[in-house]
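We call the chains A, B, C and D, going by the order they appear; numbering starts again at 1 in every chain.
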Amino acid sequence: MNMVSLDKKKFGSFILELSAEHAVYAPGKAGGKTEFIPVESEDEIDLKTLVTDLSPKGVFFPHSEVLYEYDKEGIRVPQKEAGKPIAVWGMRGCDARSLLMLNKVFGSAIQMPDNKNFQDPYWKEKYDNSVIFGTGCNEPLSTCFCNWFEAGPHSSAGMDVFVVDAGNSFLLEPVTDKGRAVLDKLSCFTDSTEEDKTTAAELASEALDGMAEPMEVNGLGEMLNNKYDEPVWDQISAKCINCGACTFSCPTCHCYDIQDEGKGSSGKRIRIWDSCMFPIFTMEASGHNPRALSSQRVRQRVMHKYSYFPEKYGEFLCTGCGRCVTVCPVNLDIREVLKTINEYKKQGITNG
Amino acid sequence: MGNYCIPQEMRVERIGTEDPARTLRTYDLSFVNDADREAFKYLPGQFCELSIPGKGESPFGIASSPTEEGFLRFTVNRTGSVTNEIHYLRNGDLIGLRGPLGNWYPIEDMKGMNVLIVGGGFAFTTLRSLLIYLMGSREDYKNITVIYGARNPDLFIYKDEIALWKQRDDIQMHLTIDKPVDGWNERTGFVPAVVEEVAPTPDNTMAVVCGPPVMIKYTLPVLTKLGFSDEMIYTSLERRMKCGIGKCGRCNIGSKYICIDGPVFSMAELKNIPETV
Amino acid sequence: MSEWQPRILAILCNWCSYAGADLAGVSRMQYPPSIRVVRVPCSGRVDPLFILKSLQSGFDGVLVSGCHPGDCHYISGNYVARRKFAVLKPLLEFIGVEPGRVQFSWISAGEGDRFAKVVTRITEDVRELGPATRLVKKL
Amino acid sequence: MNTTDNLRKTIKTLISEKKVDLFLGWEKGSLPLSATPLFVTTGEQAERAIFDVTCGNNLSIYFTKDKKQYANKKVGIAVKGCDARSVVLNILEKQIKREDVVIVGVPCNGVLDKKKVLAATEGREVLELVDNGDTVTVKGKGFELSLNRQEILSSSCLACIYPDAQEYDFFMGEARGEVPNEERVKEIIDFQNLPDSDRWEQTRAEYQKCIRCYACRNVCPSCYCNVCFVDQNDPKWIGSTCEYTDSVIFHVIRNLHVAGRCVECGACERACPMDINLLMMNRKVAMEVKDRFGDVAGLDINGKPAMSDFKEDEKQKFIMG
């Protein structure tokens, strides 16, 4: 099965059909903000918004997730009923790629020191059976910089089905076998025409052309490592007030805290999003804090995204979605940060 | 172990108090389930997360050696909410444990070599594990030198065992405290100075350093100065580890996570990692 | 079926209100068995967090009581407390917590009868409101 | 001479005469809707300073960030009315010394709220903004709109009665004086007149949105405790999940901690990634503080923050008789 066409008039019935066997998530309004919410009908879906205010990472890595429950009897992992697999509609290229990155952390087997492999069961339970319908962006925003990272507004990496919004219809193209299988079971499509394919290709190249010139990111990690001890970090972080809004809105930030919540002898152990921007994040019980200064924490965030993570997993921990750029209350633009460091001439002064 | 997020149950078998102020206590834990005991294989240097429902988890180095069977030993300094709660435990109480986590001291490489162990304060836990392990097959190793410093005589842990080790002629024990105290017959002075004075020649010698960050920071250069090569110096780092499985991000330094890539690092590795000590 | 008995947390200052409660007991005065008492050194010690936390953990009402103005054992503790409560009470009502749930009073060591009256009144108020639901955390 | 030119000149003079080591101002940001803080140490940098509708940041936050970073430094700061009150509060609370700061007031006609601009453009991205005073022109791909300034102002500005710095060393232009603002409490009174069950439902719906990122606390110039009560773990006062009672309690207590100290600059609301109407509670508290104790946060440099003060004969009707 190749590219198929879905008339927008039939979008409602498509969603209904999809939700028969899937728990469907799509961008929608929740309290004034756009985020990925469970939907049951077409009306709840926001097809206009490009970059949702909250990233879809929460669908697979929720803000708070129960690891286990405990009481006098002992410990139990909450046994959920085997629910429907997750289907996500309308995930943009940046967000779909963020799932690939998170999957490297949570989904892929991490070799523990005792040679046993560990994969995060909570992530896998949701991600492994999911099917991602991604949508190409025809008019990227000025804050978008996905073209920095071997991807673009019409990248289909991380998606199972790639969707192009062609005005009156959606053009759906299976990317993975899983996507193909899901499409095969649905019925509201018509075959695509040659014209559709041309349209899709045109939209893709127009979208890419509309974006600003990317910064060269080859060797970025090495460049950052080189300037690790330079005072440029103080200059950059002077503005930052460590509010953490960037980390919470980021689709790839995945640091978390583990906390117990309960009453008396029963309760739950929960993992909760946390942020490297907070001084308490690394504070040890002894009172020693290895990253006590704001500049150290800003450096950690930048280094983790563009140097450490690539070193460990082979790709940048940034998709160029631009959420942190939009949300920052002091307009500390990550693109400017990288450019500033890049242009900074090493002075050979070490402050460590 | 299938899910590394889930603790197994342990029973408190013996509680020892290490210092007069009773802030340092040593706990021997036994396995509640036989299957857990069978599965639990560890080496000196590894750590565990001790878990108290309702309070949380904290990482502790394993102080017992795999050669001592049937129990795991941890020494707990009372500083925060979890350690406070651990100090309330009585014999027979249950406690959660996740582990063993992290890597271990290079015991295989130590065979046929002299070993220098440098420790400070209550970070001597995993070093005790190492020492007991080495003594379990003493003939595999050459000279063993131990330099152990504490702020004052009360703050040494495992005092009874130290007394026994001092009597042995196959271990050179050097104890030191920061400032002179009446009745103290051992050395006084900071660890780095003592290392400079009594460390064996670097030839065929492996050095293992574990202690508070400031001690590590000043001891490593001394070893280098004495001629120890970077590959021959190992140290155990400390960060606030939470998940223990390389995900939660707290113990991230450089591209490493201390909980899975460490806590034991050679000096050669540390040179490529920023922000270590 | 017997009448529903609310659970009310009474935070009493050590020097006046707690002694007042004591006097009420010693004098065998009758008041509803609805309160659980926490003794604090001074009403100034009462952090608004204590009050919210009690509501969250399921208390149907909270009573905070200290020395009469001018009688504070620590000279000015209850004056500072009064400012705190003067802001807390309208704010709680503003967000929609029923007015009767959280109440404040001054009771001296000699006012056992007043203590009994205050407890009776807050119990009636809370009983009228029924079991607390808002701000109660469901586990 | 307009405000921006005046401001640049003043900063340059302060720097060249060594009256200050550092000046905190605003410059044009990378996005059209937000200016960004500017740290001036040279006359050249002073040329980048601006003041317009995008300069929402309350720069006094930098006095309490990384404690004591400006110790032994003379710091100049550009302030709007609300920011000046924050600076005064910092002085009253001994975070900085009056003699170490040079306060430069700017005449403020309110700053924008990004989400209101976005609502006005129906979600279309703004690529350029021009502040014309009474109107603001925004341009984007294929559209240009002239917006009424009032329409896009931050809600904190709409409720503002002290647009000018009350404590300053220099003032850039004409002070507007105290603005009688009758609309100020309307929203609050309206809300107050609802039955309590409705109020609770609205509160719950509003705070259910909270994702507990603490951006509101972290951008707040009045929130600078070393360890915030939500971060304390022994005792762990409140849970960290998005459970709404925890969120409501967090915000109520945070409000009480800044009672009599909140200058209503709106930084929290503008920083909130979830668009929670945070200021509503703050303004209610400010109203109570004003009515009961006659105090307005940060207005009087010789005063005392309301909650650390008292009078013996205050109204106490709320106490059970």
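Things worth noting here:
The working rule: contacts are C-beta pairs under 8 Å (C-beta built on N, C-alpha and C of every residue); 3 or more make two chains touch, one makes a residue touch a chain.
Keep in mind that this is a model prediction, so the values were computed, not measured.
Fewest steps needed to get from chain B to chain C, stepping only to touching chains, is 2. Looking at C-D alongside B-D, one finds more C-beta pairs in contact between the chains of C-D. Chain C and chain D have centres, each the mean of its CA atoms, that are 35 Å apart.
If you average the CA atoms of chain A and of chain C, the two centres end up 49 Å from each other.
Separating the CA-averaged centres of chain A and chain B is a span of 39 Å.
Residue numbers of chain B whose C-beta contacts span two or more other chains: 56, 80. For chain A, residues that reach two or more other chains under the stated contact definition are 257, 259-262, 267.
Multi-chain contact residues of chain D (touching two or more other chains) are listed as 236, 239, 243. Inter-chain contacts, as defined above, occur between A-B, A-C, A-D, B-D, C-D. Those residues of chain A that touch chain D in the shared complex are 30-33, 48-49, 53-54, 63-64, 139, 141-143, 238-239, 241-245, 247-249, 257, 259-261, 270, 272-273, 275, 277-278, 280, 293-294, 325-327, 329-333, 335-336. On chain B, the positions that touch chain A within their shared complex are 1-7, 9, 41-42, 46, 53-58, 79-80, 83, 96, 100-104, 213, 238-240, 242-243, 245-250, 252, 254-256, 260, 274-275.
Within the complex, the chain A residues that touch chain B are 67-68, 70, 74-75, 77, 105-106, 110, 112-114, 116, 118, 120-122, 225, 228-229, 254-260, 262, 265, 267, 269, 271, 274, 276, 281-286, 288, 290-291, 296, 300, 303-304, 307-309, 311-312, 352. Chain C makes touch with chain D in their complex at residues 48-49, 52-53, 56, 69-70, 76, 79-80, 82-99, 103-106, 118, 121-122, 134-137. Interface residues of chain D facing chain A in the complex, by the touch rule stated above, are 29-31, 34-37, 39, 57, 61-62, 65-66, 115, 123, 125, 127, 141, 205-206, 208-209, 211-215, 218-219, 227, 231, 236, 239-243, 267, 270-271, 273-275.
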